[in-house]
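Two complexes are shown next, each including chain A; its partner changes from chain B in the first to chain C in the second.
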Partner chain A sequence: MNYQFDFGVVFERAPELLWATLGTFGLAFAGMALALVIGVVGVIGRTSPNKIVRAPVIAFVEIVRNTPFLVQIFYIYFALPLMGIRLNPTTTAIIALGINGGAYAIEIIRGGVESISKGQVEAGYALGLHKADVFRLIVLKPALRAIYPSLTSQFIMLTLTTSVCTSIAAYELTSAAQRIESDTFRSFEVYFIVTGIYLVISTVMMGIFALISRRYFSYPTR
Partner chain B sequence: MTASDNTQSMLISLEKVEKWYGAFHALKDINLTVRKGEKIVLCGPSGSGKSTLIRCINVLETIESGQITVAGRVLDGSGKAVDAIRREVGMVFQNFNLFPHMTVLQNCALAPMRVRGMGRAEAETLARKYLERVRILDQADKYPAQLSGGQQQRVAIARALCLEPKIMLFDEPTSALDPEMVKEVLDTMISLARDGMTMICVTHEMGFARQVADRVIFMASGEIIEEAEPDVFFTSPKHERTKTFLGEILAHH
Partner chain C sequence: MGPIGANEFLFILHGLKWTALLAIIGFIGGGVFGILIALTRVSKSPAARATAAAYIGLFQGTPLLMQLFVVYYGVALLGINVSAWLAVAIAFTLHASAFLGEIWRGSIQAVPKGQTEAANALGLHYVSRMKDVILPQALKISMPATIGFLVQLIKGTSLAAIVGFIELARAGQIISNQTYRPLLVFGIVGAIYFIICWPLSHFGTALEKRMAKAAR
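Moving on, here comes the complex of A and B:
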C-alpha cells in the first residue's frame, strides 16, 4: 500500500463540513419534533376503541415501516409534484424523516401507554378529569418515561438516516462529503472525517437526551 | 342516626341495578339508598360484586339496567351527569393510584385546577388544607414513591377530599397495606366519619365496621344478602352465608 494520506485538502473545506453538520442537526431536530407529534397524536388514534379511527393509523404504521426510507423520500420529492405538491429538498427531508420516525414512534409510545396501569386512568376519571386531560396529564409522562430508551435510540437512527437525504440533495453532511470527495478525490480522508463527525453528532444527541431525561423524567419510582 | 325517610337527605339511591360482564352476572337487582351522613360498610367474599357496586356509583362501570341517583342527579348516560356526579363523589382505591410523576401537592391540586377551575395558588392552598387534615402536610413536596403505603393512602384520601365531595367511596383501602400501616389509614377514615362525611367502604376491617358503620351490608354472588346495624349484623346474622363469611373473617382477625 503506497497511498499517500492527505487530510490537508479536506481540512481546507472545514467550514463547509461545519455548516453541513449544522444542516444535519437541523434536519434531525425538525424530523424528531415532527416524529414526536405524529407519535403522540398517532398513539391516541392507535389506542382508540373506535375501529374507524384505529384502522388508518395501523395502515399508516404498517406502510411506513415496511417500505424503504429511500423510496418514501423519492415519493415525496418526485411523485407529489405530479399532483401539484412541490416541496424543496429541506422541507421534503423533514417531512420524510418525521413520517418515518413518527410511524416507529407510534408503536414505541403505544407500548408505554399500555404499560400504564388502568388504576391511573380510573383515578383520573374518578377525580372528574376528562379523557384528554387524563391522557395528557396522567398517562403521557410516565408512558414516555417507560419507553424513553427505545424512543431515543429510534431518534438516533433518525439522525443517522438524515444521510439518505443526500439522494435529493438536501443540505446535510453526507451531501457535503460527496461534493468534497468529487472535487478532491480524497475518498478515504473525507469519509474518515465524516464518520468521526457522525459519531460526534450521535454522542451529542445522546447527551441532550440524557439532559432531557434528567430534567423531565427524574421523579423517583419505588 | 334516626332513619327518617326524607328524600331531601337521600344522597345515593340504586334501584333494580343489573350489571353483566359478558355472560357473568355481576350485580343482581341491587336496591340501596344512602342518606346524608350515613356510613355504610360493604363486605363479602371476593367476586361478590361489592367493588363493582361502588364503582357503578361514580360511573367507572356502566350498568345494563336500573337507575342510579347521586346527590339528586340521575345517571342518564349523559356526559354532563357523569361530570356532575364525579364532582360530588370522591374515591379511594386499594392501590392508592397516586400519580407517580407529580409531587404529593401536585397530586392534590390537579383536580381543583382542572375540574373546579381554580388557579394554582388557590388549588395549592386547598391541597395544603386537606393534607393537614390527614396529617401529612410535611410530605407535600415528596413524590409518591418516597412515601410508605399508609402515607400514600392518606394522600389519596386528601386528594379525593380536595374536590370537596359529598360522598366518599373506599374500595378496600387497607387491603394493600402492611399490617402496621392499616391503623393510620383507618384512623383517618374514622376521623372523616366523625366529621359527618357520607361514606361507603368496601372493607374487611370488622373493627372499623363496628366502630363507625351505621349499616353493614353483606354481598355474595352479586346480590345483597343481608343488611343490618353492626351490633345486629355481628351478633345475630340471619343468613347461613353471612354466618359462614363472618366465621371465616373473624377467625383471621
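Moving on, here comes the complex of A and C:
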C-alpha cells in the first residue's frame, strides 16, 4: 500500500463542514417535529373505532415502513412539482423525513397510549384526583415514559437518515462531503472524517437523551 | 415521455436481482460475523466485550451511506483490485454483522440464567453450552427482531444506488431519467420493495405476537 493520506485538504474545508453539520441538525429537528405532528394526528386516526378513518392510516404506515427512504424521497421530489408545489431540495427533504419518521412515530405513540390501562385512570378518579391531574400523572407521564426510549432512538435514526437527502442535493453534511470529494479527490479522507462527525452527533444526542430520561423519567417520581 | 415497455421492466427486474443478491449476501455474511460479535459481546473478558460494544456502536452511530462510502473507497486504497460489487457486499456484511450482533446479544442475555447454570452443572464445556443449550433458545427469542432487521437491510441496499451500483433503486433512477416518468417508475420500484418487505414485516409481527401470547 503506497497511498499517501492527506487529511489536510479536508481540514481546510472545516468551516464548510461545520455549516453543513448545522444543516444536518436543521433537517433532523425539522423532520422530527413534522414526524411528531404526523405521529400524534395519525395515532388519533389509527385508534379510531371507524374503519374508514383507520384503514388509510394503516396503509400509510405499512407503505412507508416497507419501502426504502431513498425511493420515498425521489417520489416526493418528483411528485410535489406535479401537484404545483415548488420547494427547494432542503424543504423537500424535511417533508420526506417528516413523512418517513411520522409513520414510525404513529406506531411508537400508539404503543404508549395502549400501554395505559383503563383501570389506572379509574383508580385515579377513585382516589379523588382532578381530571387534569389524572391526565398529567396517570396518562401523559407514564405514556411518555413508555415511548421515550423508542422515540429518541427513532430521532437518532432519522438524524442518520438525513445523509440520504444528499440524493436530491439538500443542504447537509453528506452533500458537503460529496462536494469536497469532487474538489479534492480525497474520497476516503473526506468520508472518514464525515463519518466521525456523524458518530459524534449521534453519541452526543444519545448522551443528552439519557440525561433527560434520568432527570424526568426515573423512579421514584417526585 | 417514453413508454415503459418490456425492456424497461426487464431492466428494473435485473436491478431487483442485484438487490436480492446484496441482501442475501449481507444477511448471510452478517449472520456469520454477527454470531461472533454477539458471543464476543457476552464473553467473560471485559476487553473483548468493550471491543465488540465499540464495533456495534460504530455501525449503529453512523449512517449506512457513510459506511458504504468509507468501505468502498477504503477497500480500493488497500491496493487490492476488487470490483464495486464486492466492496458494496463487504460494506453490507459489516453493517449487518454489527446490527445482528447487537440483536443476538440481547437474545443470548434473555435466555434465563438457570439454563447456563444447568449446562455448567451437567459439565458441558463452552462450545456445547452455547451450541446446544443457549443459542437455539436465543435464536428463537431473536426471530422477530432478526426479521425486522432483514427488512431494514433490504431497504438499506437501495443506498448502494448512491455509490453508483445498479440495483433496484438505481435501475429505477436510470429508467426514470430515460422515460421522464418518475412517478410511475418510482411507484413500480416502491411497489416491488413493498411486495418483498411487507410479508416479511407481517411475518415478524405475527411471530412476535404469538411469542408474547405464549409467554403469558
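In this section, the second predicted complex is superposed on the first by the 192 of 222 C-alpha atoms of A that agree within 3 Å, B and C clash if a C-alpha of one lies under 4 Å from a C-alpha of the other, contacts with A are read in each partner's own complex, and residues count from 1 in each chain.
Everything below uses one rule, namely that a residue touches a chain if its C-beta (ideal position, glycine included) is under 8 Å from a C-beta of that chain, and two chains touch if they have at least 3 such contacts.
On a predicted model such as this, the values are computed, not experimentally measured, just so you know.
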Report for A:194: first if it touches chain B alone, second if chain C alone, otherwise both or neither. second
Contacts for A:4 in the overlay, against chain B (first) and chain C (second): which applies, first, second, both or neither? neither
A:74 in the overlay: touching chain B, chain C, both, or neither? Say first, second, both or neither. second
Tell me which partner A:63 touches in the superposition: chain B (first), chain C (second), both or neither. second
For A:203 in the superposed arrangement: first (chain B), second (chain C), both or neither? second
Chain B versus chain C as contact partner of A:161, first or second or both or neither: second
Which of the two partners, first being chain B and second being chain C, lies in contact with A:119: first, second, both, or neither? first
Among the partners chain B and chain C, which is in contact with a greater number of residues of chain A? C
Both chain B and chain C touch chain A at residues none
Chain A to chain B touching residues, read off their complex: 117, 119-120, 122-123, 125-129, 133, 137-138, 141-142, 145, 217, 219-222
So in the complex, the part of chain C that touches chain A is made up of which residues? 57-58, 60-67, 69-70, 73-74, 76-79, 151, 155-156, 158-159, 161-162, 169, 172-173, 176, 182-183, 186-187, 189-190, 193-194, 197-198, 201
Considering only the defined contacts, which chain A positions touch chain C in the complex? 1-3, 62-63, 65-72, 74-75, 78-79, 82, 156, 160-164, 166-167, 174, 177, 187-188, 191-192, 194-195, 198-199, 202-203, 206
Contact residues on chain B for chain A in the complex? 58-60, 83, 86-87, 89-91, 93, 95, 97-102, 110-111, 114-115, 143, 145-146, 159-160, 163
